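Going in written order, the chains are labelled A, B, C and D, and every chain counts its residues from 1.
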Amino acid sequence: MTLSTDWTLEELLITTITNLLAGCGHIAVGVSSPIPGSAALLRRHRDLSVGKRTRVSIIGGALPDFRTDGGVDLFDQAGQGRIDAFFLSGGQIDGKANINLVGVGNGYPRQKVRWSGSFGSAYLYFMVPKVVLFRLEHSPRTMVEAVDFISAPGVSPANVHRPGGPYALVTDLCLFHFARDRERFSLKSVHPGHSVEEVRDSTGFDFDLPDQVPLTPAPSPDTLTILRKTVAPDIADPYPKFARRVWGVSAAA
Amino acid sequence: MTLSTDWTLEELLITTITNLLAGCGHIAVGVSSPIPGSAALLRRHRDLSVGKRTRVSIIGGALPDFRTDGGVDLFDQAGQGRIDAFFLSGGQIDGKANINLVGVGNGYPRQKVRWSGSFGSAYLYFMVPKVVLFRLEHSPRTMVEAVDFISAPGVSPANVHRPGGPYALVTDLCLFHFARDRERFSLKSVHPGHSVEEVRDSTGFDFDLPDQVPLTPAPSPDTLTILRKTVAPDIADPYPKFARRVWGVSAAA
Amino acid sequence: MKDPFLPNVDQLAAEVPDGAKIVVFKAEGGTAAMAATRALIRRAVKGLHVVTAPTSGLQTDILVGAGCVATVETSGVTMGEYGQAPCFNRAVRAGTIRVIDSTCPAVYAGLQAGEKGIPFMPLRGLIGSDIVKYRDDYRIIDNPFAEDDPIVALPAIVPDIALFHVSMADRLGNVYVGRNRELLIMAHAARKTLVTYERLYDGNLLANDELAAATLSDMYVDGLAAAPQGARPYGVLGFYDDDVDQFAAYMTMARTEEGLRAYLDRFVNEAVPAVAAE
Amino acid sequence: MKDPFLPNVDQLAAEVPDGAKIVVFKAEGGTAAMAATRALIRRAVKGLHVVTAPTSGLQTDILVGAGCVATVETSGVTMGEYGQAPCFNRAVRAGTIRVIDSTCPAVYAGLQAGEKGIPFMPLRGLIGSDIVKYRDDYRIIDNPFAEDDPIVALPAIVPDIALFHVSMADRLGNVYVGRNRELLIMAHAARKTLVTYERLYDGNLLANDELAAATLSDMYVDGLAAAPQGARPYGVLGFYDDDVDQFAAYMTMARTEEGLRAYLDRFVNEAVPAVAAE
């Protein structure tokens, strides 16, 4: 059986994130993160093929190799400097990479929209060297000038102990890098089928725009094979619905 | 078989300490403390006979009911206020109930005699409400005017958080109580076969001396029976040599 | 010490006074004492201060919906894959509960300070977050071991009550927590601990070296009640799965206050056990 | 990650550089990596800073006696029922090692600060003790949550190496610690962890829910070597008892420097394993 070389948005995003994770020895993945989780597993597979053992911890994962409970240990590991990459999202993300997981509107705490809460963001964003922001709905509603509640700030004054912080932002439209010294996002690539104009119109914050913005590279046939044969059954363990929807795959027995 | 109503020094000391432990819900016993450990077990037995369940934790004990590992949990329990009584000793003890577990002589750390170290005393002496000091060799060498190294101070200034502290001092000669407000020991009873003069001559510090000092009450026949039949096999678990020497008893299978 | 065993979850719930500060564990269930939570609603407890360690789901949402809660101190209340927490979010928007926003490691650190009997614990991160801005119980202090190094000091969290569900307990009141070691922190930090359990372990958990390593001593356990299927609709590993239909029913009905009231009538209040004559 | 399995304790000992800050566990043995300690002496490691968590016995005493140690940071070095620690006490009196006196919960709290990645941990007690008087690395600070409430701030302890012995490890490098949960703290706090083990567990310790609850993940384990009877003369529960004769020999011979040297010649240096051709 040959596999299709057509790729889905999920496969593009996974591949894009995987490239951002090069050089990480330990990648941790939070709750509700099937695409980052798949990217971490793909990174691990690629590294292993060149003899490098990369560790992946997935909160909620049941396979012992990847399992972590999101309890004290995870945060202690971050404090010890043992986590190299993590993923965060935000109901709102602004141009200084501040993220908001709490709610929309003025008058906190009685905002007009309330979300779950900040989870571990206010700590992990400071402590993990490479934090990749990931958000599927790229619109002026999510990519805002200034967030209504700072769950975790993107940048900190020089005297604040901060070994970690934002590294990139991946959306359904594009890839931004974040320049910590300039405190700004910079557009790195636009996903196939989308344009710089569309990104600009969909983004509520100002960002650096190079003269030439390449297309985000599509997943290679080789990558697609690995994703569908190796990553899919592993990610189906914490994320059965996702694996079924994207790849029609169930968890390995 | 009838048991002798003659009692040994160990049995007298155990009984004396047991009386000091009335009202304690949880008694913890440190390493190398067979006599305090036996006293705690006797207290527990007495309380149980009137329907009160008293908890005893013995560091190094193997019986699950009494077992504690002297690890973080024990100190956390003290911090939580869950330990009502503990035992400390000292190579030197002075009139302000300062204890020294480190060494004898000037010029710390190069003293002329070095002991093991302070263990948990510098913390537990502050946190456990009723600390009973226990020292077998009562002499001017051990009961000193001022200790050469304060492993843990007997008293603290009013602004120092100190829910605990010294309650009594039991030696092979006598029983002192400690008055925290007066920062002094007071002679409570002298063991049968010894005298107030002997205590005074053997003590390097000044203490309060009532006009009448009673003899320490001898263990009752009832108490001796409980000690020999019930306490002995239990204490033989962490302290086999002690149980064999004092009672000729081995640990319960 | 008194006998900690109680005849049922309603008697256990009676041990939780109005206004208690109560700590519960994790949004993902399994350790959520849901049967006891329904008993709390039946007994109409009022004014709870719920600390979620560090997050919560249905347990906190339904307590809020039933009007049992004054304050929620949390890093996140979420129904996970089922969506946002309807009653919690409604109550925050309406201002009918006080919300104290936190972040996961800060909840743990506060409880660990409670566990150690220290007044506070320092923690990295946090500075510049609006969490700190709105919390007047945090302090930013100088790290005494460095120059110009601000760090957040978190006050100890000492709940009145820790409440959770486990797979097994023994007749002595020892409780097996397994991999959920954070339950130990909760119990150590809290003044009282109330536990429901699936089944009784035949023996002394502390006498089995492998199980003892993951057992909470009965020293910390003030009340226990048997509650088979006591985490439902959450699943318990090795016992039963999430009751997906029940979650769906909740998510549909809890969309409105009226719907929630109907849910409570049907699934909580009608479940009152027959009261034995006393 | 590289393969953490090493062929023998001498290769493991080679991972400990001169001058390393090394943390060891408890005076009572069982977790003392004594075979690896003898290998350290054979390789003539120098200038160790030994942190005892919170106490130690023969392991620290013999390292001091063999001249491997510059500093001992401890709550107590004791041979337990066998008596005082002869080499440690002699070296402190002679001033040939630096001793940093501590108290048990302060060692734990320092390691826990290292574990959490916080610069310090506050702890009650201690104030007015000569321990504080002689430690210039402690600070007395004001509790920021109260008036006029001094409290000791202990700096984090971050050892270069945690070294201990366990009953079993698996082929992945996971290590079963059982009830000795303080070993987790040591490994979390240290930059590297080296472990010797009695036997290999056939399977993945983290796949067994009961054992996983008391297992140190291989994430923390940088080097392992098989060492059957590796705690001797200390006993390991379920494997072998204390070797009382060996302790008696040590206590007799270590009374003098000459005697100690004869002990080392006989029981440590002669035990060099045959080196395989490479």
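In the analysis below, a residue touches a chain if its C-beta (ideal position, glycine included) is under 8 Å from a C-beta of that chain, and two chains touch if they have at least 3 such contacts.
Note that the structure is predicted; figures quoted are calculated from it, not measured.
Q: Tell me which chains count as touching both chain B and chain D.
A: Touches both chain B and chain D: C.
Q: Tell me which has more C-beta contacts between its two chains, A-C or B-C.
A: Pair with more contacting C-beta pairs, A-C versus B-C: A-C.
Q: If you average the CA atoms of chain A and of chain C, how many Å lie between those two points?
A: About 30 Å separates the centre of chain A from that of chain C.
Q: Using Cα averages as centroids, what's the distance between chain C and chain D in whole Å?
A: 37
Q: When the centre of a chain is set as the mean of its C-alpha atoms, what distance in Å lies between chain B and chain C?
A: So the centre of chain B lies 40 Å away from the centre of chain C.
Q: Just how far, in Å, is the C-alpha centre of chain B from the one of chain A?
A: 59
Q: Scan chain C for residues touching two or more other chains and write them down.
A: 116-118, 123-124, 149, 151, 179, 181, 212
Q: Where in chain B do residues touch at least two different other chains?
A: 75, 79, 127
Q: Applying that definition of touch, give me each pair of chains that meets it.
A: A-C, A-D, B-C, B-D, C-D
Q: Can you tell me which positions in chain A touch chain D when the two form their complex?
A: Residues in contact with chain D: 25-26, 53-55, 64-65, 67, 73, 75-82, 127.
Q: Note which residues of chain C are touching chain D in the complex, please.
A: Residue list for chain C touching chain D: 109, 116-124, 139, 141, 143-146, 149, 151, 153, 155, 177-179, 181, 209-214, 237-238.
Q: What residues of chain A sit close enough to touch chain C in their complex?
A: Touching chain C from chain A are residues 31-32, 60, 69-72, 75, 79, 101-103, 108-127, 149-153, 156-157, 159-161, 241.
Q: Give every residue of chain D touching chain B within the complex, in rising order.
A: 28, 54-55, 74-78, 80-81, 84-85, 88-89, 92-95, 98-99, 101-106, 108, 112, 123-131, 133-134, 148-151, 179-182, 185
Q: Which chain D residues qualify as touching chain A in the complex?
A: It comes out as residues 1-2, 114-118, 188-189, 204, 206-207, 212, 219.
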